[in-house]
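Each structure below appears as C-alpha cells.
In what follows, chain A forms one complex with chain B and a second complex with chain C.
Right after this comes the complex of A and B.
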C-alpha cells in the first residue's frame, strides 16, 4: 500500500525547528494511518464476527426468543398499555435469568457438563501419561523415525467428521473393531459399544485415537529441548533409565506437559463434531456434551434464548478454568496472555 | 540366501546389545497399527459390495470390487466433486483472508510502538477461548440478516475471523524476531515502514506465512459446525456442501448403502491425507512450534 504522504506547502517559512515539528507531525499522522489501515481489516472482522456474536449471546440469553421478531416491541407494549394491560409476552420477551436457572436445573444439561469433565479427567489421567510414555520410549535414534512420526499423526489431520463416521462403521456389531478383538483373543459376545453405560468410554477411546499422535509429537518436540548431557551425566553417576526419566527428563518436560494439558482441557470442554457425528449426543443424551446440547436446543428446537444461555455457561466454564489454570500452572512458563493453538481433546 | 565371502572384513562389532530396542519397536508398531488400521479398514472395506458387507462386516474384499468407488467418483448423480470443489474454494478463501489480514495486523503489533498495542494483542489472544460453538447461534442470525446464510461467503468470512487469533499469535513473535538493524538499514536507504514491510519483511516471513496458511487451510477443510449451520441449515443444495457436511449427509441419506458410505468416507479422507503428506513438516512443525511458544 503506497502511503506517500504529500508534504504540504511550507506556509510558515520559519526557521528549521518549526519545519522539523511539522515533519514530525506528519510522520506521526502517517504512522497512525498505517496502524489503522494495517490492523483495521483484522480488527473489523474479529470484532464483528467473534466478539459481537459472543456479546449478543449474552444479550439473547436473558430473553425467551426463537430468533424471529423483536426482543422487545415498544409499539406492541404501547398498544396494550393503552388498554391498561401489560400485554402478552411476545411484546417483551425479557425473562431475566430464567434460562440460566432452567439450564442449571436440567439434569440433561448437568449430565452434559459431567460428560465434558469426564473427558477432561480421562484425558489428563490416561491420555497424557500414555502420550508421555510413548514419547519417552520413542525419543531415541531409531530406524523409520520419520515414517513413524508421519503415521501416528494421520488421525489428527483427518476431520472429526470423517474420523467419527469411520468409527461409527468400525463399531457396528461384528465389524472391524469386534473382529480385531477376536484376533487378540476376545471370543464370545461383545457389548454394544455405543450403549448408554459404555458410550462415553468409547468416545474417549476414539478421541484418544485421534489426538494422541499430536500429544506424542508435542512431547517429542519438548524432549528435543532437554539437553542430552544431563541424562548422560546422571547415567554415569549410576542412575537407572527410569530414575533418569523421573528426575531429569520429566521435570524438564514440565512446560510442554502443562501446555498440552491446557489445550486438552479446553478442547474437551468444547467437544462437538465427533460426538455429533457418531451419536448425536445419544442414546437418550448419554453422550451429550455442552456443545451438542447447545446445538440441539438452538437449531433443532429454535430456542435461541435458552441456547445462548447454555453458550454463555459453556464460555464461562472455559474462561474460569483457563484463567485459574493460567494463574496456577502456566504462569511459570509464559508471560502475558493465553498462548497455544490447535484443537486437542 | 546370503553367502559371506571369507575375505570380507568382519562386520563392525555392535557396541552393546540393547535389549530394550525390540520392546521399543514393538511399542512403535502397536502405536502405528492402532493409528492406521481404522483408516485402512474403511478404505479396504470400500472395495467390498454391500451384499458381502451384509453377510459379514469384517472381511477381506473377495473379489475386489471397484464399482462402489467408481460410482462415488464418476456416477451421474455423485456430489463428491462438487463438494470437494466447495471445500477447496472455502479453504482457499479462508486461507487468503487470514494470511493477508493476519500478517498486516501482526506486522503492526510486532513492530510499531503505540498506545493500545498490548491491549490489541491481548484481545486477539483471548480469541483462543472463544470457540465457534459459543458464537454460533447469534452468528447464524447475523448471517441470515446480511443474506449470507446458505452462501459460501457465509462460511468463509466467519472462518477468517475465528482463525485470526491463532495466526496473529504465531506471526507476532515471528515478525518480532526479524532484526531491528534490517529495518534501520532499510530506513537509512530511504525506505518507508510500508516499503520495509513489502520488500524485506514479507519475503523473510514466508516460512511463517506458509505455516499459518497451512494451518488455516486444514482447519477450514475439516470444519463442520459452521458449515452445518450456514450451509446445512441455511438451505443450500447438497451439491454446495463442503466435504465434511456432504459425507455426513450422504451417510444419513444412504445409510443402507454401507459400501457407498465406506467408499465416500475413504474418498473424503484422501484430500486431507495427500495435503498432509505434502505439508507434513509445516503442519507438525507449525503446531508443535507454536505451542511451545
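Right after this comes the complex of A and C.
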C-alpha cells in the first residue's frame, strides 16, 4: 500500500521568475516554508487536541487510575519498600490489559455495545428506506412542498439537549405524549415508553424523528444530481414513475446513500447526547451506549484508567468499521481515501 | 512574504506567549501577610435562598478582611461533584474553598495530597460541630468542616394516611407493611421512588443494611471496605421481600427523583403517592416543584409529615440508628491561609443560625439549633439527636467507584434481575478494582 497522504500539488503562490538556478532554490525553500507556515498551526492543534489525547488514552488505559495522584509514585513505593512491602495499589497502578479484560467481560458494557449495533441496524433498515421514500415524494412538484420539507427538517436544527429534555418530559407516564395519544383515540392504559423492554425502541423513534431531516436533505441533494433527461427518456420509452425511480433514480443515488449510511453508522456507534439527556442510559442500563457507559462508569465513578480503556475500545470499533466500510462500500465514491489507494483508477 | 526579520518576530511572539502561559500556571504561590488575596469558592447552590446567602457571607468576610477578595460561584450539584471539582483537582488548578461531601471521596483527594490539613486551626469548630465532623476527617486529621447535616426518613401525606385509616406512624417494619396494605386497599399508591436516578432506590438497601447490620460491622465496612458479614445479604433479602409486596408506583424504574410533577417528590407533593423515603432537603424540593407547577411561592405542602425508617425485629441493627449525610467545604492544599479563616466564619454560630433560618437545611454548629422553626425539620433534628449511631450515605461513605457499583447492583434487584447475593458481589468486585 502506498503512503497514506501524499503531499499534493502545493500552494503555488507568488511569481516564479524563470532562469537563475539560485532563485529556483530559494523558491523551493520558500515553498516549503509556506507549507510549514500554513499547515503548521493546524497541525500543532491537531497533534495537541487529537493525536496526543488518543496516545495518552492508550497509556492511561493500562493503569488502574482514579485521575488523582501520579500513575506510578516512586516515593510511595520507596516508603513501603523500607518496610519490605510492595505498597498498596495506589503506589503503582500499572495493571496491563486488565481494564480491557474487565470491559469485555462486563455484561453491562456488552449490553451497551449491543444497543449501539441495535441503532446501527435499525437506522440502515428503517431510517434509510424511509428517508429515500420521503425524498422521492418531496422531489415531485406539488403544492406545499417547501412547507413539508421544512417540517421534516426542523427537528434536525433543534439542539440535542433541548430535544432530549422535551422528550424526557413528554414521555413520562400520563404526560404530554400519552395525552396526545388520547386525542388520537387511544383510550385506556398505555405502555411506559421508558421501561427497560421498550426504551431502545423509543430511543430509536426519537433519533429517527431527529435525524430523518438530515437524511432526507442529503437524499434530496443527491436527487438534484440525477439528470432529468434520463427520466424523460425513460418516460418516453413508456416507463412508469415507479420503474423510473427503481431503475434510474435509485442507482444514480447510490453514492449519496452510501455516504449517508456511513455517517449514520458512525453516528450510531458514537451515540451519546440524546441518550444521556433523555434517559442517562437507564433505566438500569437498558438504553446505555458505549459512550454513556464510558461517562457513567469511567468519568463519574472516577475510574479514569478503566474509562480510557473503554474509550480505546470504542475508538477501535469505530475505526475498523469505518475502514472496512470505506474499503468495500465507498471505494467507488471516494478516490484517494486511506484504504482505496492503489486500487482505484 | 517571509523575510528573516519577520521570522525573528514570529519566534519572539511565540516565545513571549509561551512564557505568558507558563506564568499563568505558576500563579499558585502563597502571598505574604496582608498582601491582596483572591479566594475562589465553589458551592452547589444554584438558586435562592442559599445562593444569595453564600454571596452575603462572602461580602461580610471581605468587609472584615480588607485584603481579601472572594469570588463565589454556584454550580449544579452532580456537575460540581462528579466533573468540575475532580477535573480542577486533576489539572492542579483547584478552587481555594470548595464543596466537600466527605468520607470516601475526601479520602481519595487527601491521598493525592490535594486537601489542606486544617486540624490545628479549627479545634474549637470541631468541638462545636460534634460527632458529625467524622466524614470530614481522614485518619484522625480534619480536612474540612460541615455546614449542614441531616438524616433521612419517610416524608408522608397526613391526609392520605388518614384517608386509609392509618393511625400514628409506623415504628416497625411490620407496621410499615400494614400501612402499605391499607393504602393499597384505599386505592392510594403507597410509596413513590425515583429509581431512575438510582440512589433513591439504593437508599432502601442502605436502610435495610443499617437495620440488619450492627454498628461495628458498618464501621468496619466503611473503614476497610469489607462486606463478608451475612447481614449485607440479609439486607438484600429484606429489600427483596419489600419489593415483592409491590409498594411502589408503576414504572418506578424510569421515574426521576426531583424533576417535575412526574418525579417521585412530585408525586407525593401533588397527592399522587403517600410516602417517599428521602433526605432532609425534601420539603424544599417539593416546594420548588409545586412553585413550578403553580407559578406561586415555593412552600412545601401543608399535609407533609415525617417519620424515621422503622426498626426491624430480630436483626442485629440498632433500631435508633439513622442514615444521613451532609455538606461541607474543604480548602485545597495550595489555598492561602485566609481560606481557613473563611471556613471558620462559615462555621460560626452567627452564620449557622442564619443558615438555619433561611430553611436551606439543618445547621451543625452547637447553638444554632434554635433557628429551626419548621416542625418537620424539628422532627428530623430530634431524630438525629436521638440516634445512637449515624451512618453516612453508603455511596458517599464507600467512595464513587464502590458506591456507584453498589447502587447499580441494588437497582438491578429493583428491576427484578438480580439476587441479594449479587449486590454484595458487585460491591466486592468494585472494591477489587480500586
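The definition used in the following text is that the second predicted complex is superposed on the first by the 296 of 345 C-alpha atoms of A that agree within 3 Å, B and C clash if a C-alpha of one lies under 4 Å from a C-alpha of the other, contacts with A are read in each partner's own complex, and residues count from 1 in each chain.
One rule holds in what follows: a contact is a pair of C-beta atoms (placed from the backbone, for glycine too) under 8 Å apart; a residue touches a chain by one contact, two chains touch by 3 or more.
Only a predicted model underlies this, so the values are computations on that prediction, with no experimental measurement involved.
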Quiz item: Here chain A is shared; do chain B and chain C fit on it together or clash?
Solution: clash
Exercise. Scan A:175 for contacts with chain B and chain C and give back first, second, both or neither.
Key: both
Quiz item: Between chain B (first) and chain C (second), which, if any, makes contact with A:299: first, second, both or neither?
Solution: both
Exercise. Answer with first, second, both or neither: which of chain B and chain C does A:67 touch in the superposed model?
Key: both
Quiz item: So, does A:218 touch the first partner chain B, the second partner chain C, both, or neither?
Solution: first
Exercise. Report for A:75: first if it touches chain B alone, second if chain C alone, otherwise both or neither.
Key: neither
Self-check item: First (chain B), second (chain C), both or neither touched by A:105
Solution: neither
Practice problem: Please work out whether A:83 is in contact with chain B alone, chain C alone, both, or neither, and reply first, second, both or neither. | Solution: neither
Self-check item: When both partners are placed on the shared chain, which of chain B and chain C touches more of chain A
Solution: B
Quiz item: Which partner does A:148 contact after superposing on A: first (chain B), second (chain C), both, neither?
Solution: first
Exercise. Applying the touch criterion given at the start, work out whether A:46 contacts chain B, chain C, both or neither, answering first, second, both or neither.
Key: first
Quiz prompt | On chain A, the residue positions that both chain B and chain C contact, one per complex | solution = 34, 67, 169, 172-175, 299
Quiz item: Considering the complex alone, what residue numbers of chain A touch chain C?
Solution: 14, 30, 33-34, 37, 64, 66-69, 89-90, 102, 108, 169, 172-175, 192, 194-196, 199, 279-280, 282-285, 296-297, 299-303, 306
Quiz item: Which residues of chain B touch chain A in their complex?
Solution: 20-21, 23-25, 27-28, 31-32, 34-39, 41-42, 45, 56-58, 97, 100-102, 104-105, 107-109, 112, 114, 120-131, 133-139, 141-142, 157-158, 160-162, 164-166, 168-170, 192-194, 215, 218, 221-225, 228-229, 233, 243-245, 247-248, 251, 258, 261-262, 265, 268-269, 272-273, 275-277, 280, 283-284, 287-293
Self-check item: Sites on chain C touched by chain A in the complex
Solution: 1-2, 82-83, 86, 89-90, 105, 108-109, 111-114, 195-196, 198, 250-251, 253-254, 260, 262, 399-401, 404-405, 408, 411-412, 414-415, 417, 433-434
Exercise. Can you check the complex and tell me which residues of chain A touch chain B?
Key: 1-4, 31-32, 34-35, 38-39, 41-43, 45-46, 48-54, 56-57, 60, 67, 134, 137-138, 140, 142, 144, 148-155, 157-163, 165-170, 172-176, 178-180, 209, 213-214, 216-218, 221-222, 225, 241, 255-256, 259-260, 263, 266, 270, 272-273, 276-277, 291, 294-295, 298-299, 304, 307-308, 311-312, 314-315, 318-319, 322, 333-334, 336-342
